[in-house]
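As written, the chain order gives the labels A, B and C, with residue 1 at the start of each chain.
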Amino acid sequence: MAERMEGWTLEELAAALGGQLNGPPEKRVLRPVPAGEPDPEGITFSTGPAYDEKIRGSGVGVALVSPGTELDCPTLEVPHPRLSFGWVLQASVRALPLSSGIHPSAVVSLDADIDPTAQIGPFAVIERGARIGPRARVYPFAYVGEDCVLGEGVVLYPHVVLYQAVRLGAGVIVHAGTVLGADGFGYFWDGRQQQKIPQVGGVIVGERSEIGANACIDRATCGATRIASGVKIDNLVQIGHNGQIGAHTVIAGQTGLSGSVTLGEQVVVGGQCAFKDHVSVVDGAILAGRTGVFSDIETAEAYYGLPAIPVKAALRQLALIKRLPEIEKRLRALEQSLESQKKT
Amino acid sequence: MAERMEGWTLEELAAALGGQLNGPPEKRVLRPVPAGEPDPEGITFSTGPAYDEKIRGSGVGVALVSPGTELDCPTLEVPHPRLSFGWVLQASVRALPLSSGIHPSAVVSLDADIDPTAQIGPFAVIERGARIGPRARVYPFAYVGEDCVLGEGVVLYPHVVLYQAVRLGAGVIVHAGTVLGADGFGYFWDGRQQQKIPQVGGVIVGERSEIGANACIDRATCGATRIASGVKIDNLVQIGHNGQIGAHTVIAGQTGLSGSVTLGEQVVVGGQCAFKDHVSVVDGAILAGRTGVFSDIETAEAYYGLPAIPVKAALRQLALIKRLPEIEKRLRALEQSLESQKKT
Amino acid sequence: MAERMEGWTLEELAAALGGQLNGPPEKRVLRPVPAGEPDPEGITFSTGPAYDEKIRGSGVGVALVSPGTELDCPTLEVPHPRLSFGWVLQASVRALPLSSGIHPSAVVSLDADIDPTAQIGPFAVIERGARIGPRARVYPFAYVGEDCVLGEGVVLYPHVVLYQAVRLGAGVIVHAGTVLGADGFGYFWDGRQQQKIPQVGGVIVGERSEIGANACIDRATCGATRIASGVKIDNLVQIGHNGQIGAHTVIAGQTGLSGSVTLGEQVVVGGQCAFKDHVSVVDGAILAGRTGVFSDIETAEAYYGLPAIPVKAALRQLALIKRLPEIEKRLRALEQSLESQKKT
């Protein structure tokens, strides 16, 4: 995958990771791969027999293993194979290409304020009043609307859209196709048709938060939709107008929050969850995938189901639903037994 | 949020809204904010004690209140605070910036017909046969495909894609990243592979309908996928090929309609609902969030569940599911009681 | 819908389809339409009474019918009306317009390798190391990232994004707004914040696969997320990092796969399904819409529910849940009957 990487000789890798090499020191490996990938230039790792089994016979270039592990490929014995593999992953990251400065094709308002160290790619549009911080990277086709603010080191991948008055803290990453600041979904029926409630608020995202691809975070009706710091939001997630997401909360793919939902800090939300408007969830709660939250969640437990209940109760419910045929049968048996009693 | 707004002095606001001012007439306020927002330049409103409580101590610039309400900030007493606040919201709307005429970077076919009052932004692409009506606004990166028609005042936000033969009535708004007219999902298995069923129809959207961000409305296999007038569709909604949506129907986020679904007029559909192909829903029906519609809905009630049943029945079901542990216990008690009877 | 089509006279159509014409030979028809569409230039078809009923009175231009069918419009009698209609659909396909060669506005790296027969539209961005095969069509605003490979005849509709090291086999079609290769959703809690797990793998898509609009297929953490040949993926689908999708598998709209899910060959997945990370599904399994897969599926049956169980069992469960009010009533009757026994 990583054709441009020069990789490492096994000797270099052993030096970098501080391990004991069993294999040819001058052999070159290029990229991290999952256990079992038949890649003679690949680097993989094992934390136990399940991994070992996949690796055996795969012909991988080298495996990072715990001391004493025997495999049929070159190995590098390290105290913490998973951590060392993390180092290899990190060393293999290549930012998508982007020239320094402002690409000549970009359309940048004279009233925008762009740090000289920021990089603005081809066909980006930066509207008046926008402020782009140091080392920010704005990839092609990004639309940075009026009065938007990008903190230091913000990354906007291709096709990101910030409507107006969207503020991203330092280190925020927004993936391709994501839309921040579209109008919230607010109408009222005037007796003849749906009338639009004007949406004039903004979106504020705290430092080091990351938002996946093709997600939608709507602007507030007024005030701001607020994503705190360190929040991680997956692809295709919808956050309605005036949502408030606490620090370090994690939201998995395709989850949807209606308007004015409040999630506390360090909440963990599985995929495809749904939140009714105006509900709030306490710090530290865990929502399993597909959970539907229709009322406030006030204790920091794990929840599941529709509507959400504590996981243990939900599993008991599921088990009983599974046993419904048996329950109905037992009921019928009782009825017959009683019936025959009466007859006698 | 709205840095460019000059706002109002409290005196100006009182004059505009026709109310009784309790506060310094020359004080300037800039923007509408939700109750509780600590914004000394903010305008908020109260319709009762719950709002009052949030406002107290927040230091907001001014609150629009019913006559006789006492708060610890400047107030403007008006007969209908919510309506007056709506006026402030409306007065705070700023269209995203767009120059008049056709931006020099746009690629416009010589065979397209563009009204001189329409505005076409940077990097828009307008294909042959397209017709753009008066006062239409086409934001950057919009793709208006072959033979597409935009009525008067249509707004296409950045990155909207209209494939081919998509017709939008006057006043239609389409938010960023939405795709109208992609191929419907139609294949048949030929014994060796899935064969594509050609998709050659169009999409027709009636006047004043609004479609959220990153939604998908597929073109018809043939004929047209039809969205009537005044329809409101939220973010990330999917409308399959040949769908027919009646006037003033509202569809909340992440809902999905398979092919050939028919929704009547003034239907209300919650978030994350699902519709089986070819089902139809009567005018005025209400589907709560997450409802799954697997067969026609023929009476205009509120529905919930998977499959959809009337809300009352669905709530009774949910209550009984919750009571399953108790029900199973009672059943066991009966069994034991009968067992002991037999023994005696 | 298809204004540019010259269409056919009924005589030409009869000659092309080999049928018996009942109607004026020189009459011109322009486009396929669904039964019932009141289009005097339309071509429709009937396979039986339900279609006939819709067609009668509609005034359609011509109907393709089985021999002996009588309608109130011109008819063309053919042995297999549906197949003949398929021919009409196919003949009505018009590719979205695209000039030959590379549009002067496109930004193409000097280190990209583009076949001279490929077509690159306005505002496309092709990064270094990319290879674009013969007859590939890259529509406006597509982003073909570093080291991406497009096989022969690949079609990227407007706004498609390929991050890096994404390889598409011959004949692959990717619809508008879809993002291939965004970072997988991987973090670990370091005691103070979520730390990003670097995502450095790629995406590989096999020949003739088609991916709908606004979908997301994440790059692998390392190695590759793999979509095999002939796979059909609908709009707004999410495939997590390191997913493996077998040949000819079909995935309907808004379905979400967490990381490292494996689907076999010819699996059929309905809309809005959910897959827990690391589960695998056997070849030929069928998942009804909204099914949640939390553990491996090992036999090729049809499944439904949350969690997934064989459809028959799921329907039995649903039926019993519906009967819960009755079951509870019967239980109460038994309790009372036993109670009264005791009293006597």
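Going forward, contacts are C-beta pairs under 8 Å (C-beta built on N, C-alpha and C of every residue); 3 or more make two chains touch, one makes a residue touch a chain.
If you're wondering where the values come from, they're calculated on a predicted model, not measured in any experiment.
A.B. asks: Through what angle, between 0 and 180°, must chain A be rotated so its C-alpha atoms fit those of chain C, rounded to a multiple of 5?
C.D. replies: 120
A.B. asks: Between chain A and chain B, two touching copies, which fits better, same or different residues at the interface, with half of the numbers shared as the threshold?
C.D. replies: Because under half of the interface numbers appear in both copies, chain B and chain A meet with different residues.
A.B. asks: Could you give the separation in Å between the centres of chain A and chain B, each centre being the mean of its C-alpha atoms?
C.D. replies: Chain centroid spacing, chain A to chain B, equals 24 Å.
A.B. asks: Touching at least two other chains at once: which residues of chain A meet that condition?
C.D. replies: 105, 123, 141, 159, 177, 214, 236, 254, 272, 321, 327, 331, 334, 338 - these are the residues of chain A that touch more than one other chain.
A.B. asks: Where on chain B does chain C make contact in their complex?
C.D. replies: On the chain B side, the touching residues are 105, 107, 109, 123, 125, 127-129, 141, 143, 145-147, 159, 161, 163-165, 177, 179, 182-183, 185, 187, 193-194, 196-198, 200-202, 214-216, 218, 220-224, 236, 238, 240, 242, 254, 256, 258, 272, 274, 276, 292, 306-307, 309, 316-317, 320-321, 323, 327, 330-331, 334, 337-338.
A.B. asks: Using the touch definition up top, name the residues of chain C that touch chain B in the complex.
C.D. replies: Residue positions touching the partner: 1-4, 31-34, 37, 39, 86, 89-90, 92-94, 96-97, 103, 105, 121-123, 139-141, 157-159, 175-177, 208, 210, 212-214, 230, 232, 234-236, 248, 250, 252-254, 271-272, 289-290, 318, 321-322, 324-325, 327-328, 331, 334-335, 338.
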